[in-house]
Each structure stands twice: as C-alpha cells, then as structure tokens.
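The next block holds one structure in the form of structure tokens; read it before the comments.
The first chain written gets the first letter, and so on, giving A, B, C, D and E; residue counts start at 1 in each chain.
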Amino acid sequence: AAQRAPLVLAAASMQEALSAAADEWAKQGHGRPVLSFAASSALARQAAAGAPADLFLSADQEWMDDLEKRGLLVAGTRADLVGNRLVVVAAPGQQAVVALRGKALGQRLAKGRLAMADPDAVPAGRYGKAALGRLGAWDTVAPRVIRAENVRAALALVQRGAAPYGIVYGTDARLAPELRVAGVFPPKSHAPIVYPLARLKSGRSGEAEQFRRFLLSDRGRQIMRRFGFTNP
Amino acid sequence: MSFDIDVSHRRGGVVVGAAFQSGAGSTVLFGPSGVGKTSLLMMIAGLLRPDRGRICVAGRPLFDADRRINIAPEHRRAGVVFQDPRLFPHLSVRRNLLYGADGPTTLAEIATRLDIAHLLDRWPRTLSGGEARRVAIGRALLRKPDFLLLDEPLSSLDRTRREEAMQVIERVRDDMRLPMLIVTHDPEEAERLGGDQIIRL
Amino acid sequence: MSFDIDVSHRRGGVVVGAAFQSGAGSTVLFGPSGVGKTSLLMMIAGLLRPDRGRICVAGRPLFDADRRINIAPEHRRAGVVFQDPRLFPHLSVRRNLLYGADGPTTLAEIATRLDIAHLLDRWPRTLSGGEARRVAIGRALLRKPDFLLLDEPLSSLDRTRREEAMQVIERVRDDMRLPMLIVTHDPEEAERLGGDQIIRL
Amino acid sequence: MTDELQAIVRLSLLIGGVATIGTLPIAFALAWLLARGRFPGKILLDGIVHLPLVVPPVVTGWLLLLAFAPTGPLGNLLERWFGVSILFRWTGAAVAAAIMALPLMVRAIRLSIEGVDQRLEQAARTLGAGPWRTFATITLPLALPGILAAAMLGFARSLGEFGATITFVSNVPGETQTLPLAIYAALQRPGGEAMVWKLAAISIMLSLVALIVSELLGRRQGRRLHVL
Amino acid sequence: MTDELQAIVRLSLLIGGVATIGTLPIAFALAWLLARGRFPGKILLDGIVHLPLVVPPVVTGWLLLLAFAPTGPLGNLLERWFGVSILFRWTGAAVAAAIMALPLMVRAIRLSIEGVDQRLEQAARTLGAGPWRTFATITLPLALPGILAAAMLGFARSLGEFGATITFVSNVPGETQTLPLAIYAALQRPGGEAMVWKLAAISIMLSLVALIVSELLGRRQGRRLHVL
C-alpha cells in the first residue's frame, strides 16, 4: 500500500529550501511530502489545536518550546535543523557598508527608515532588536523602525525603495541580488538563530520519521546550505 | 345574511369602523373620503386586525375578538380589488390573473369580458391605469372567492369598459349569488350594484 | 391658443399620440382606457419624449422635433396631477405641498379648500386614497404653474370633496386664466370643466 | 496554464462555490429575521452577524481553530458524530470563507427584503396564498436582485479570503491552498512577482466572470421590476 | 484602559472614520454611475470597483506599495507636487482601509439607488426641481437607509482591515498600528492570548456601537418610507 505522505508545517522563510529537499526526497522514490508554509506562530497554534500534521519546522525556539510544554512533540525527535545569519541590506544607491555598532546606523538613516520584522513579535525582528541593543544602536534606531509583518515583507520594503535599509536573514538577502549586504550582525550579538524541527504526536504518516531523518542527514543539510542556511 | 359586521380600529387619532348587517346580494359602502371605507374592507379581508368586535360573512365567522377567532387572510376566501391595483410586477398579466385561480378554466372568458385578452403577455408596468384596474378585477374574480370586496373598482374606467366590468360583476353576483361589498362614490353605480342596500359611513 | 399639439410616440406595439389645437381655458381629453391619454400628458409635461411632432402651450414652444427644441420638465412650468398620487413618502404632507411652491403664501387657503388642512403634519403612507389625491392636486396648484395637466384628478373623491376640488380648479382656471388639459371619464365633469372643448382620442 | 495552477483554480472555485451556496440559505434566514422580525436582542444578532467583518481575519481564523480543534466544542461534536475533522481540509477552508462572506451577504439580502412592498404580499394572501407560498412566489422573486448581488459578493469575498483561511486550515497545497494563499506564498519569494501577477490575473478574471454573470441575471430580473 | 491601548483605539477610529467619510462620496458617485448610467464599459467599471474584494488584501497592499513608493507613479507625484509621502503614515493606512471598503459601500448604495422609484423623481421635475435639486431632495433621502448601511459596512470593514494595511504601511505604533495590527502582533507571541482577547473585545464593542447607531438612524428613516 502506498505510504501516506507526511504533512510538514514550516516557517515561511524555509519555502525554497524545504521545497528543494522535498523534491529530492520524492526523487528517491517516496511520496512527496505536503508542505504548508505560513508564519511560525500560525502553524504552532494549528499544531497546538491538535491538527493532524507530522512535522513542525519553526523559525524560532519559543514556539517549539510552547509545543513541547504542551506535550505535543514525539519525545526525542526535536533537533535543530539549520541556522541563519542576520544582516542589514541596503537599497541600491545607498552606501554599501555601514557600521552596526553605536550611533552609526541611526545617523546614516537620518530621515529614512529601517525595515524589519516586528521587533516585539516576529522572530527575525526580535533577533534584530536584541542585536542592535547589544551593539548600543537600538536607542537611536528605534524611532526609525518600520515593523513589517514578517522578514520577507521587510525585504520587499527595501526592494521597493520604501526604506533604505532593512534587517533580514542572510538567506533572504541572497534571494534579492539587487540589494547589497551592508553589514552582518556578529553571531554573539543575538541568541543563536536556529530552526528546530520535531515530529508531532498528531501525525498519521508512516514516513514522517524517515523524512525527518532525511532532512537532518548530510544530504539534507547540504540542500539547506545551498540556500544560504548555516549549520546550527 | 351576507355581512354581519361590528368592528372598530384606532388609526392614528381617529377610530374607524362600522356596525351593520346586510342581506343577500351586494351592499354598497358610501361615505366621504377618509371615513374608513378602505380600513373596513381591510379588516374584513383579514389584513387589518380590528381592536374589537366581530366579522361574519355568509354565516361564517371570520373574526371574533371575544371568541378569539381570527381566520388567516388566505383562508377567508375573499376576492379583493384594492384601491390601487397592486399587480405583481414580476409576473406577466396572465400569471397575475391566474395567481389565485385553481386552473385556467375561465381565464379566456373573463379576459374577453374585461377587454384585457390582448394584454395577457404584457408586464404590469406597461399597462395604462384603466388596464391595470381591469386586470386587478379579473384576478380577484378568477380566485373563485366566496365573497367580494371591491374598493372603487370602476374608477379610472371609461364608459364602455365600466359598463363591461359592471356586467361581469353583476353576473358573478347573480349567477353565483356571491355576497359583495362595494365602495363607490358614483350614485349611479351604487344604485345599480347595491340596489337598496347602501351603508353610509 | 392654449394647446397646439401634434405628436406621436411608439409604445410597445401601438403608436399613441394626438394632433389638436384648443382655445383659452380648459380642454377635456376623453377616450377609452389605453388609448394614450396619460402618454400624451407625459409628453406635454416633458417626461416622455415624442418620436416626432411639436408641443406648444400658450404660445410657448415646449417641444419641436424639427427645430430641436426640448425644454426640460422643470422649466415647462406645468402643474401635473398624475393618475397615481406620487407623493414623496419621506416628506410630510406639508412639505409635499410646498415642494414646488415659492413660499407658503397660499398653503392655508388651498389646504382648507381641499379639506386637507388637518392632514398637514401626517406622512403620506397614512393617507386614505382620496386624501392622497387631494394632496396631489394641492401640490400641483401650489407650484403656481403656467398650465395644468390633470389625469383623472377627481376619481376616488366623494361628492362633497369632488365638488370642492372642482371649485378650486375652476377658480384657478377662471381667475388666473390658466390653460388646462383634463383627462376624465365622467361626462358631467367633462361638461363642467371643459365646456365645449372636448378632444376625443 | 500548468497542471498545478489548474488545480489551484479548481480548488478555489470549489471552496468559493461551496461556501457561497452553503451560506446563501443561512444568510437569507438571518436577513429575513433582521428585516422583518421583531424580537428582543435583534440588534445583538445583527452585531454578531457583522463580527467577521470587524474582527481581523487572523483572529477569526484563530477562533475557528479553537472551535474546531479535536478538543474544541464543534470539532469534538464533528469527530464523535461523523468521525470527521475539517482541520487542514478544504471543507475547513470553505467554512472560513463562508463565515467571512456571511455579513456581506446578509446585508445585501436584507436591504432587498426591506425593499419589497408588503402590500403586494397582502394581495397574495387575499388570493389564497399562505405565508409560505407568498414568500416563495412574491417576496423571494422580488428580492432576487439583492440575493444575486449577495451571492456574487459572497463568492468574490470567498475567492479573496486569506487571513482566516491560513490561520485556520494552514496552507496545504491541493487541499487548502487557494489562489490568495498561493499568491501569498509567491509574494514571500523575492522574485516571485511574475507568479503573483499571473495568479492575481487569474483571480481577477474569475471574479469578473462571476460579476458579469450576476450582472446579466440581475438585469434580466431588474427589467421586469423597474419602470424604464 | 492603558494609555497605549487608548492611543491604539483613537488611531483606529481616526483611520476608520477618515476612510469611511472620505470614501462615501466616491462610493456614491460610482454607485450612481453603475445604477443609472448607460455607457460602454459599465461592467468593466463594476469589475474594477470589486477588485479589492477578490484580490487578497496582501496583494492589494503590495500594489499600493508599488504605486505609492517613492519610485512608484503616485508616490512620485505626491512627493513632487506636495512634498508628502503617505508611506508608513496614518494617511496611508486610511487609503488602504478606504480601498478595501469601497466595493462594499458601492454595492450597498447601488442597491438602494436602484430601489428609488423613478416616478417620484419625475414628479419632482414637474414641480420645478432640476436634476440636482431632485437628486438632493428626493433620490438622496430615499436612498439614505442604503447609504447609512454602506457607511456602517465601510466603517466596520475599515476597523477590521489588516492585510493591506500591514503590507502597505507596516506596523508603526502610534502611526499605523490599528487594532487589528496590534492583535496580530499579540497573536505572534506565545502566551499573547490575553492581550488578543482584550483588543478583540474592544474592536467588537466599537463596531457594535457603530452598528447600533446606524441601525437606529436607519430605523428612523425606514419608518417613514415603509407601510407598517
């Protein structure tokens, strides 16, 4: 009997990389996993409600912790799949290198805006706020911040020229070649950016565990790196 | 006894109503504008609830406040011609005429007699005032009612059409011996249709 | 010359219209139901565009297909009483009456003569058939028109009210010498209002 | 059009169609109550019907999730009685679309019921038609232009529904990924603009067709009712 | 209610109010054209008006961003002529809300204009009222229930607007962060439910008040027009 393909709930920023991994998996003769991309928060709530999904790939640890606390994860299946870097991108025409420490970024912005995911809610924004804080830049930058719904929306704002600078993941920056990476946050300036993966108890697919292992395998991680993700 | 009525109803500041009994055949309701003729017809038809009293037509009690009788309008079997035509705008003249009929048995005859046979496939909004009035009369008659309530049925009809309509109504009255209550302001019409049974409000 | 008219208009399958000239005072339009009396009045009022011809009232050309004259209805200064009352449902009787008036100068007088003075603060939907008709007549007169178009203005009025309304209309005709075109089915009414100027369609 | 696109369009039409047709009778009943009924708490009912309009879609989706979760009140019932769950299913997407469309449909129908001349209903009663026949032969056809408008509005709204759907039933290709969700996914990809345009063009065309159909039907109906 | 909450509510009311009042005349003009006009391309206009309903809000927001970005056609004009930009400003949020509310308002008003008996307008013309006075004294008041319904619908929709706003003008506290955006932010945080409930309760209450007011106004108007 044909195996039921696993249903994977994954953070929207994993779209390209995870789709590529799923294609590869399918090429190996398995049923292609069904991938549902949305904000980690929405997906976590769906999993918490008991929706029948097999794997959850979150953009941050907090939502995974939440599910773990609720006892919804299959014990021993939680592992960090990939990591990411946080960068500042500059719109074309902006100075291509900017110091992230102290008041430099704030002064550079002048009247312009800094686009980033919501610093109080969305993971990418929270990392950004923490990093700017650690570097002593948050206070001067805060009044200029534009809170987007998610990282990709922040990226779009810079692409459209609505904001001269934006804080996005390294993976996002790679997808917008017209933008320059003006600075990379030192990894120590924020909590490690990792994407935890775990199997959900509500899952019904027999292939879920196999696919999880595939993702965590060398082959899986290799695909992830192709899209700019780092090892966790 | 055809109509045995004693009702009243408060409308705004005034109280309208009447108390009378009338014999077989038709009865004419006569009275100045605004005295309550239309209101009385609506009460008999079951569309306006009297505050008190009772309504009995051809021996059948239709409303009695004390005995808590209040027959629904669709079961009173009245043929009503309203003061305004009230044709259904979304139905052709033919389907307006047949709306209350059991079958199309007498459609052709009544349509011819009322001179509306050529209008059957038209829409109500294209009718002239007198044409609409005749269709309304035809619609009430085709329902095969137990009694008729006619609110100025012949106004806005010319001599010839009025004569034709009057004959149709007279035939219904005489052949089927239907009780009939007619509002009119025309003494000649009153005389001919009501005979000596004239109620003055 | 009051009315100098020669128009026709295609409605559905039939062509309605008329050609006549009439002298000062009032003219009665007589004819069977559906012949086109209302249509003719609507053409003179400017609400229905004739396919051809011309309309001239009291020497003033209102419509002329050849000379491309077509005065807008609001500039024809006609006082129109429609076959149905067409009162504005969102305005009180008083404001309906004053809608076309320059000022309330003659409101009290006309209201008293038409026996509607007690209705001024009511809403149209609470009026009886005859009451609404009288308000419609009053509204047309208060507009101080240059000429009157009356479509069966006295139908659904009782004797007394009809007499009163007729006197009001006669006064307007005689005192102000207004041209007047009246549709009626009542020979007596025709005689009194139209004198010998009777147009048969 | 690729197979994948075709599947998305088919799914969107299925969900929009089921949502609209399923909601129509409910919307009509509610509109009727609000237009004609006289009961205490009428304004409250009106308010509840309008909630999906004011509450942000994501919140509506979240509340639906709470209600239809296996442990939620409705999800529990569905599970026990029918052994089904609408989570992550197209049926769930249809429910989300239906709830978001409901207030629009109720408003449109209500306005048109209020426009029906009750004196015509009285005339029908005297002609022997009981309340039901009167309703079916007089009120309903006279309110039809509004009902068509409501169906059209509801269908269009369903085709565009995004926030409640993605929050409630996720973004599952082939099951809950309607046009707006596919557009969202494309919009998340830098360089996905070409796909966004393509998908947006399709959804615009679909709704234009729905619009034209309802417009033409409405005109045919309207011609009979209105004086030219 | 904390100061922060109060500020959010005030901002939401400002944006909703400005969007509704600003859109009303435009919606009315469009509804009039669609109800009474006879011109080629009418169905097309109808379709364009309905677009914000079908196109997912995020896409509408994205298109607005394209248009009003400093490099976009409208943003460029605004910048050059008036030296202003509506990006990230409450005015931008109001524009987004207005566009999303437009189709609903046009529909409601259009239905009520179509319900006005044109024979009454004819009567007004014979009484000396030109097209404008006829419009102001007859058509407009008779269509008023529908216009009120439209304003109410538009206001409610504006209060609930989320997707287009956040995509177009982002989530700037004190400038574009309306109730739905605040709710969304709270929903993103594990454990943010308490805040979500509080904010949702406020927006529900606001719209219930708007609803009751429009209902009561509408009733007063309706009583005059309808046979009891």
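In this text, a contact is a pair of C-beta atoms (placed from the backbone, for glycine too) under 8 Å apart; a residue touches a chain by one contact, two chains touch by 3 or more.
Predicted, not measured: the structure shown is a model, and the values here were computed from it.
Novice: How short can a path of touching chains from subunit A to subunit C be, counted in steps?
Specialist: The distance in steps between these two chains is 2.
Novice: List every chain that touches both subunit C and subunit E.
Specialist: A chain counts here if it touches both subunit C and subunit E, and no chain qualifies.
Novice: For the chain pair with the highest number of C-beta contact pairs, give its two chain identifiers.
Specialist: D-E
Novice: Using the average of all C-alpha atoms in each chain as its centre, how far is it in Å between subunit D and subunit E?
Specialist: Here the centre of subunit E sits 20 Å away from the centre of subunit D.
Novice: What whole-Å value do you get for the distance between subunit A and subunit D if each is reduced to the mean of its CA atoms?
Specialist: So the centre of subunit A lies 35 Å away from the centre of subunit D.
Novice: Please work out the Cα centroid separation of subunit B and subunit D, and write it as a whole number of Å.
Specialist: 45
Novice: Identify all positions of subunit D at which a residue touches two or more other chains, and write them in rising order.
Specialist: In subunit D, 58, 62, 119, 187, 226-227 touch at least two other chains.
Novice: Could you list the positions in subunit C whose residues touch two or more of the other chains?
Specialist: 84 - these are the residues of subunit C that touch more than one other chain.
Novice: Give the residues of subunit A that touch two or more other chains, as numbers and ranges in rising order.
Specialist: Residues 45, 156.
Novice: Per the touch rule above, enumerate the chain pairs that touch, sorted by label.
Specialist: The set of touching chain pairs is A-D, A-E, B-C, B-D, C-E, D-E.
Novice: So in the complex, the part of subunit C that touches subunit E is made up of which residues?
Specialist: Residues of subunit C touching subunit E: 45-47, 72-74, 76-80, 82, 84, 86, 88-90, 99-100, 123, 125, 139-140, 143.
Novice: Of all residues in subunit D, which touch subunit B in the complex?
Specialist: Against subunit B, the touching part of subunit D is residues 119-120, 122-130, 134, 137-138, 141-142, 221, 224-228.
Novice: Where on subunit D does subunit E make contact in their complex?
Specialist: 43, 46-47, 50-51, 53-59, 62, 103-104, 107-108, 111-112, 114-115, 117-119, 145-146, 149, 153, 156-157, 159-163, 179-180, 183-184, 187, 196, 200, 203-204, 206-208, 211-212, 215, 222, 226-227
Novice: Can you list the subunit A residues touching subunit E in their complex?
Specialist: So the residues of subunit A touching subunit E come out as 39, 41, 44-45, 62-63, 65-66, 113, 115, 118, 120-122, 146-149, 153, 156-157, 160-162.
Novice: Tell me, which parts of subunit B touch subunit C in their complex?
Specialist: Residues 11-12, 30-34, 37-38, 83-84, 122, 126-131, 134, 151-152, 155-162, 185, 187.
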